[in-house]
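If you scroll down you'll find the structure; I have some questions about it.
First chain written, first letter: the chains are A, B and C, and each begins at residue 1.
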């Protein structure tokens, strides 16, 4: 291979590695934001118009849109009650697939909530994120989240990790 | 350093970074596969003849071999009961060490299981994975897993993370 | 861009990616070390004189200094009781920001403890790490840890993840 070809190959491969690290960083930023009541910053992890669809609770399986509906949700008494109790919205490192300027990620998330001197798993869910590269870096386009209860849509979401 | 030397150094270093990301991706793929009853795809994360040795349960400390014994395990009533209840086989990001075409990883895994409106930690374990580079990417050669109960073999497995 | 410029840009970008992976590896090494009673090796993840400040328990919000005070803590009856019961000090992959030879990381940690046939969350906390590049690789300079209980300092620690 010529020097030019080797440089071009390195640049492309490195960008894919950086993309994965940036997406891991993005998803790891979500918890500390929502758990400290920083709803505006959390909603800004999505593109404008991006969606968050989760079963149960405030969404009930409807898609909420960034930024305004998400900010509204993070400002509710319900959410702020979690914040003052002590909570972690934990995103486990997911399976990430980069495809040019789009990416998908499939993985688990948990809501860990304090109860007296202990913490417990208030929610465990599977997620499918669609992400897009923007001038401001990677952002979430859609997040689809289903609680782990054996439902067909939770299992279908997990199967998005199949090759 | 000459251009040639710098290119070669970059290529080697980048491959090591990519290897780590690929192994993180491989281990993050396991949960959504087994938790959706996709035992065949999960078993394919191992090389043919690769092993999974875990304490308790179906293995009882014996090594089960991929693919057939693993597929068989994931098809049992016991495992499919977890799937229909709602479960996450969570692999925490481990300590990964690349050594050419082999790698080892040491880290925790958890089985999070639904019980009514909550989830609980049905199992917590330490793992030592041996991985190999194959023409189809990184695969698991051996996974050794011990529940966290203070046993000497669980502590020995953790100590594989020591320098 | 000239070949020289492209090589230099690749070298800089790759080092930043490697830094993130090395820090993930460092933080993933902590648990298996302290949970197997390998306090000396765990304390060596800090620079000499580096600090660990956590609320409650043995520190009570004071900063303990590496290596001696940390080794002392990991050798206490209290800590060794966790080891013999079966415990995981789990560090979730944090938000990492590299800034030359310094880095910060913000993220969750959990202490998972056995109780009979189950495990439970004995502690859930938010962390802010300051890390430094040393001739022996990245090390922890300061770790600040607060239990998730809605306290102002726990929320302030989370907010270190804001842009």
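Annotations
Convention: contacts are C-beta pairs under 8 Å (C-beta built on N, C-alpha and C of every residue); 3 or more make two chains touch, one makes a residue touch a chain.
Since the structure is predicted, the reported quantities are computational estimates derived from the model, not experimental observations.
Taken as a graph of touching chains, this assembly is complete, with every chain in contact with every other. Homomeric contact subunit A/subunit B: same residue numbering on both sides for under half of the interface positions. Rounded to whole angstrom units, the spacing between the C-alpha centres of subunit A and subunit B is 23.
With touch defined as above, residues shared between interfaces to two or more other chains in subunit B number as follows: 3, 7, 10, 14, 17, 21, 92-93, 120-121.
In the complex of the two chains, the subunit B residues touching subunit A come out as 3, 7, 10-11, 14, 17-18, 21, 24-25, 28-29, 31-33, 35-38, 41, 83-88, 90, 92-93, 112, 114, 118-121. Within the complex, the subunit B residues that touch subunit C are 3, 6-7, 10, 13-14, 17, 20-21, 92-96, 106-108, 110, 120-124, 126, 147-151, 154-156, 158-163.
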